[in-house]
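Shared between the two complexes below is chain A, which pairs with chain B and chain C, respectively.
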Partner chain A sequence: MSFVVLIAAGLIVPIFYRNNIFIAKMIAVIAFILAAYFIYQGNSLNAIFPYFVLDKATQLMEFALLATLGAVSLALTGFERPLIAQMLFLAGVSLGLLETNNFFIYVVLFEVIAIISYILVANIRNFNNAEGAIKAFIAGAVASGIILLGFALFSFTTDSFNYAQMNVSGKFTLIAVAIMLAGIFYKLTIVPMHGWAADAYSQVNHAAAAILSGVIKSVILVATFKAFYKFMIAYPLATILIFSFFAVITMTLANFMALFQKRVSKILAYSSIAHSGYALIPFAAAASIYSYAGVLYYAIAYIFMQTSVFLILNDLRREAGIKYLKDLKGLGKRAPLHSFFFTIQIFSLAGIPLLAGFLAKAVAFYAGVDAGLWVIVLIAALNSALAVAYYAWIIKHIYFDEAKHNAVIKMSPGSLIGQLILLAGTIYFGIVAADVINATVSF
Partner chain B sequence: MVAVDIIFAPIFLSALVYFLTRGAEHLTKYVALAWFIVLFIISLNWLNQIMHPESYAFPPEIINYIKATGFLPLGEYLRVPAFGFSLTLQIDALSVAMLILTAALLILVVFTSWEEKNQAAYFSLLILFSGPIFGVFMTTNVLWFFMFWELTLVPMLFLVGYWGAEGVEVKKVFNIEIKLPSRVYAALKFFLYTHVFAMFMFVGFFLLFKQTGYWDFTLIKEAAIVTPALIWWLMFLGFAAKLPLFPFHTWLPDAHVQAPSSISVLLAGVLLKMGAYGLIRFIIELMPVTTARFAMWMVVLGLITTLYAGFLAIYERHIKKMVAYSSISHMGLVVVAAATLSYDGLSAALYEMIGHALVISPLFLLAGWLHHKTHTWYMDEMGGIMKYAPYASAIFILAGMAALGLPGTMGFIGELTIIISAVKSFGWWIAIIAFAGMISAGYIIWSIRRVFHGEPSEVVKRSEFHMSFPEKFALAVYAFLIVYFGVNPQPIFDIANKAFSFFGGM
Partner chain C sequence: MNNAVNVLLLAPFIGSALAYILGKMKKPLAFWVAEITGAILFLASVVIFLKYSDAPINFDLNWIHYGNITIPFGIYIDHLSIIMLLVATGLGFLDIHFAHDYMGEDPDQPRYYAKVLFFIGGMILLVVTKDLIGAFVGWEFMGLASYLLISYWYFKNSAANAGMQAFLYTRFGDIFILAAIALLMVFVGTTNLVELNHLADAGEINKTLALVVALFVFMGAIGKSGQFPLYPWLMNAMEGPTTVSALIHGATMVNSGIYIVARMFDFFAYTEALFVVANVAALSAFIGSTSALVQKEIKKILAYSTMSHLSIAFVGLGVGSLAAGILHLVNHAVFKALLFLAAGAVIYIAHHTKDAWKLGGLIKTAPWVAIFFAMGSLSLAGVPPFSGFFSKELVVASAWEWGNGFVKTFVTIAALLSIAYITRLWILIFLGEPRNEDIAGSVKKPSTLWMRLPLAILAFLTLALSLWQDDIIHYIVGDNFVEPHVEGLTVFMLTSMFIIFLIVVGLYLKGLNLLYKIASHHFVQTIHQILYNGYYVEAMITWISKNIIVNSIARAAKWFDTYVVDYIVNATVALALYTYKFFKLGHTGRIGSYMGQMVLGVAIIVVAILIIVKGL
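Moving on, here comes the complex of A and B:
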């Protein structure tokens, strides 16, 4: 039902948003709430199709997803209106991707999400936007091709695509999985497949970037873990080698790149890439019983904080043309509300306790330690501590520097409500760890 | 319920106070003062409950628990059964001593920053700070301990970075020249330094959980495993950077000098104590066997810290830097005392921790005050201040004498007990630690000579020395406590007796 509601709303919304964006927003929000209600009732795709299963953990992720998308749709204004319909479609497809237990459907929906993301970034207003959009498109197309190649190889060796019944001991399985992962790493922006992301995230409309880097990445993270779990258990050594190698180079390189950026959006883009690196640690530690909890927690925390920072940046860029780090100077006085939300979410990204970012890292890293990868975890922990350098640098600009202009930047009510929803998520999952961990016990 | 409230209430209280006092900023400090007094009374009450559990109407099993473990249980919150994880609040005599010290310093800090600029934000941040710092000393869950430990950094980052001293620092990072206010540099350095080293501790705690299967300190202790050296070193690094021990001390002079004086008091009086507390609780109590293996490392590092920082203090012209180095030097003594792994040594360490907080605070305050009045940091540009500001000079001299260990003050008993316990445990060669006293006599007496005595310099003649009543009051309290516990140290040793009974107290 939830899927039907979302897609139907997505089809209805374009009729309204040309005249009145408020009604369109309301339809979207009601659709998200209704979808959440149906999911709560256990009445999602699983009620209609056989290839979908709705368990506790998936439910939790879907709530986080819908809350985030609701917050984003509230924060949108004027020219961003096409995003509303795209978000509704995206939500519907994401539910499918999260719930499915069939590898074939996973690959198909993965491609559908890719297509939606091309439309998302194609909100072209100037040359820079176009560059980012084209990069995202080409990289995505290459990734799709690679995934299909791996999938084709894999489908030779298995009789069933059900996650539980897949044959993972075939001759070509390992190479097929490696090829598929190469494609998926494009979408997860793992170094060295990250090149497109830094440009795309920082150059497209920031609301689209929020969805692209926050929402889509989190969904793909969880769905991929579920899809590849059986492979990861079957090939423990390859899993550890592949994922810890990519985790380490991703976070290290991205953190160093972020240090040298002058555009705020680029810093956030590289920070997003670095976060993909941390999120790979529970993948490497698939053997640990906490690995799924680590991935899920990371995805939930990440969806709130990353979306929030890009949305605030979207507001700031639209209202005051803030692009570079130096434009942020004295923002604490000019825009106290924006600065407040921005600071808390940045602290969450940096992994300061009582915010979701910390507990997510703690659970994900513990999964690593549990699997015996403490060296990797130590590298990751030091990386996340060094990352504080550029996060604190942003905060230094906001609070400790004198402003060049004194024009006050106001926050719209929709944006405020959206930010409050995201902040509530960040703080709730920063204090209460029980939900996520209990949800993943059965996995 | 009180216990968990006083950790989390400050978060809401600070936001509430900040927004409600937008129009009347001067009211914030009264709220802060009232809140800190409440904290102080609650902590005193807890102390009484731990020292005399019989006189309270506890159920018998709780009285037995207190007698058996020394811990007063304050409840378990936010349980995650699948992970064996919860916010366990338990306090023993050691943590209560730290809580009382923290609350007392916070009260005095309100007095000494009575006329601070931008009060609403300043005191809201102080209130915010009181939550996690109480959490650090109250929880026995190692991960929550780490979380509170990290959280204390955030208000401190803003307090140092925004209210700190003037001045500009030019730094070269990868050939890019960065020019920024030195207070911001100091705040960021402090934040990054402690954060990076805390990460070692973080991984250490994870490995500890993997080894034992418990997050809770008391349960890990009962499991009584011989901890691998790796865990010991990871955790030791985290605490050593906070203390700070010799190779990791470079953040301290920057942060303590650039911070406003009242915040230097909190940095030296409370945040350094977090390091010492962690060292005693999570290194010595938790893994005594492994610590015994590495005790000599601790002694050598502590000794180097003490002597090296002492020599740096002699060399220093900058009055607040001198005090900062003297602070490092005293913390080195605490590590040496703790490394004896004996009841005497730990009691001496606890006494010195409290003594250090009470002695170094007025020194920091007066150093900051002198800079505020004379607009110079350098001691050789001052002189003859005694004539103009006799009250401040007298307190500085008293606290200075306590720092160098004059009998009748807290410094003497601290150093004496530390030397005795160290000689008892390590033999005569450790008596070289007594040099620390001589070195501190050198820099303290020389600085008193340069700043307070002699002919008034031009700078001093031009300045006006006025001290507000709240500041005078706070300094008088410090002076009283220094002498009171110097003459009558028994209350602190009573607490130590309760705290370190596991080493066979008296």
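Moving on, here comes the complex of A and C:
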């Protein structure tokens, strides 16, 4: 039912958003709330189609997803308005991707999300947008090809695509899965498939970047873990080697790259890539019983904080043309509300305790330790410490430098409500850990 | 009942945020949000009190439970908690009500009410949690609120400094509590306060370890409850608004040290740390009561008397009588809140004059305030039939029955001296002629609803509580209460108090000239200086921290930091830059090279897999 509501709202919204964006936003928000209600009732895609299962962990992820998308849609204005309809479709498809227990559907919906993300970035207003969009598109097209190649190989060897009944011991399975993973790594922006992301995230409209880097990545993260869980259990050595290797090079490279950037969006883009690296640790630790909790916690924490920072940056760029780090100087006085939200979410990204980012890292790293990956966790911890350098550098610019301009930047009510929702998520999941952990017990 | 608990835990924080946000929109709303929240909290406490059946309310919750990491966060409400809840929320409500006028002229009210509600939330959290960790969180919430409220008028240098001082002094004690938590976590495996008491009763904890833990916890209590040697912050805390002094530094927060010792009473008794508690407290009681004799500021006199009376309650606990300690805590909370609020009324009508020597003759303009102040004073002095008499008698009798000579002597002196300083204060404020022309002409009248009513309620309470003294005792300790019997103690106390009273009245009403003569003597002057400066403990602590900590240890650390750590850190910048330049080679901005890297990635995976497959 929730799927139907979201898609229907997605079809209705385009009628309104040109004339009356308020009605469009309200429809979207009501659709998100209704969808959340139906999910709470256990009435999602599983009520309509087979191949979909709605368990507690999935529900939790979907609530986070819908809350975030609701927050984003409240914050949009101007030429970003087509995003509202696209987000409704995205939400519907994401529900499917999260709930499915069928590998075939996973691959198909993954491609659908890829297509939606091309449409998201296709909101082109200037040369930079165009460059980012093209990069995202070409990289995505290549990745799709790689995924389909891997999937084709895999489909030779298995009798069933049901997650539980898949034949994972076939001759080509390992190689097929590896190729598929390479394609999926593109979406998760794992080094060396990250090049497009560093450019696209910082060049496309920041609202679209918020959805690309925050929402879509988190959804893919959880869905991929569920889809590949059986393989990861079946081939422990390959799992540990591949994921650990990519986790380490991803976070290390991204953190060093972020250190010397001058564009704020580029810093955030690289920080997003670095976070993909941390999020791979529970994948590597799939053998641990805490791995799913690690992935889910990381996705939930990440969806709130990453979306929030890009949305604030979107506001700041639209209202005051802020692009570079030096433009942030003295922002604490010019835009106290923006600075407040930005600071908290940045702290969360850096992993300061009592915020979701910290517990997410703690749980994910714990899974790594549990699986015996001491070294990887140690490298990740060192990397987190390194990352604080550029996060703190942003905060330093906001609060401890004198402003060049004194023009006050106001926050629109929609944006404020959106940010409050995201902040609530970051703080709630930073203090109450039991929800996520208990939800993953049965996995 | 569970709803009431939820309300108690959540309402203060919600109210705090609401008071700030709504207050920013429309100023009077801040007060009303606070007033309503205060009323709701008090009602919730009353509901818990009325509905309480024999078994304590007990929830075993975990904050984080993950793998072998568990951080418990249980809720445990028994009789002791309920009494503390009633005191905290009841006095909190009256205090907020009183602030309507007292803080009425302040432009920054939303901030004030938000902080006060936050403080009440911390206090509630402290008294309802089951674990030392939860208690520590509430403890720190209160510490933060106390810091914020002392330096509420942050633009005044003295207030900002006093806030900082309070924070540092109490933090010093808090670190020991943190250490105690760590010790318990590692060696005992639980921080559950109830369980700790059971373990102590059964004798299943290593006694040395338990002694260290108990002393560490008591160190935190020393900081929070203003005991020797960490008391100077309490006197300087009087820089905050008087309503804050009444609630936080008179009636509730300073009690938390006593509460935590009472909560872990069996544990303390088992370790014999109570011996330390009794002796430190007796010394503090003596210091507080003697220093209170010579202070000039109204609030400082009350602050020293607070210290002295908290110590008397501690002595009650220390000599092994839980009932005496808690009974005095409750009575003291009520009459000290009354005294502070009445002092607030005096300060308010006299245009924020805090020096008692500048006032005088106020009984003509504010007779009711004078009467309520007198009732509070009598209770503090321990004159029957006011409630203070019963609890103070009980503590002193317990000390005579079970304490050593040191405790006995000092606590008796402290108990007797309270009548001296409070009578002196009352005479200075209300009797005689106005000593300052400016103030005398412009004294305001206190309003009935906002100032006299809360005072009247508290004054009535301090009288009415004496009817329920036995009930409170049995409520706390059940039926196994052993009453100390000391022949002739009451007569001795009352006679001595009467003599002291006569001396003070004679000196301050009729013999001011004689007093001046005595005071001008060099020897008396020296003693006066020592007492006035609180035995120079603050100077001593400042000297130690300045000369030993700041100028030697901190300086060495700074040198190490500047020349060793910074050098290494600076060196890593170049390294990071090289790494960055190396990584940047791959980041050309051309989509073609990205695709090349992607293919490289696929190749890495495939080759790795092939190697693994071959290896397998």
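General remarks:
The rule we apply is simple: the second predicted complex is superposed on the first by the 443 of 443 C-alpha atoms of A that agree within 3 Å, B and C clash if a C-alpha of one lies under 4 Å from a C-alpha of the other, contacts with A are read in each partner's own complex, and residues count from 1 in each chain.
Going forward, contacts are C-beta pairs under 8 Å (C-beta built on N, C-alpha and C of every residue); 3 or more make two chains touch, one makes a residue touch a chain.
What you are looking at is a predicted structure, and each value in this text was computed from that prediction instead of being measured.
When both complexes are superposed on chain A, chain B and chain C clash. After overlaying the two complexes on the shared chain, residue contacts for A:370 are found with chain B and with chain C alike. When both complexes are overlaid on chain A, the residue A:199 reaches chain C alone and has no touch with chain B. In the overlay built on the shared chain, the residue A:337 is in contact with neither chain B nor chain C.
In the superposition on chain A, A:392 contacts chain B only, with no contact to chain C.
Contact with neither chain B nor chain C is seen for A:1 once the two complexes are overlaid on the shared chain. By the touch criterion defined above, A:34 lies against neither chain B nor chain C after alignment on the C-alpha atoms of chain A.
When the two structures are aligned on the shared chain, A:138 is found in touch with chain C, with no touch to chain B.
In the superposed model, A:378 lies in contact with chain B only, and not with chain C. Once the two complexes are overlaid on the shared chain, A:437 sits against chain B and chain C alike. More residues of chain A lie in contact with C than with the other chain of the pair chain B and chain C. Within the three-chain superposition, the chain B stretch that clashes with chain C turns out to be 495-503, the only such case among 261-269, 459-467 or 495-503. Comparing which residues of chain A touch chain B with which touch chain C, the overlap comprises 260, 290, 366, 370, 431, 433-434, 437. Against chain C, the residues of chain A that register as touching in their complex are 134-135, 138-139, 142-143, 146, 174-175, 178-179, 181-182, 185-186, 190-193, 195-196, 198-199, 235, 237-238, 241-242, 245, 253, 256-257, 259-260, 290, 293, 359, 363, 366, 370, 431, 433-434, 437. Those residues of chain C that touch chain A in the complex are listed here as 62-67, 69, 576-577, 579-580, 583-584, 586-587, 589, 591, 593-595, 597-598, 600-602, 604-606, 608-610, 612-613, 616. Here chain A touches chain B in the complex through residues 260, 290, 347, 352-354, 358, 362, 365-366, 369-370, 374, 377-378, 381-382, 384-386, 388-389, 392-393, 395-396, 399-400, 431-434, 437-438, 441, going by the rule given at the top. Across the complex, chain A is touched by residues 11, 78-83, 85, 143, 146-148, 150-151, 153-154, 157-158, 161-162, 174, 180-181, 184, 187-188, 191-192, 195-196, 198-200, 202-203, 206-207, 209-210, 234 of chain B.
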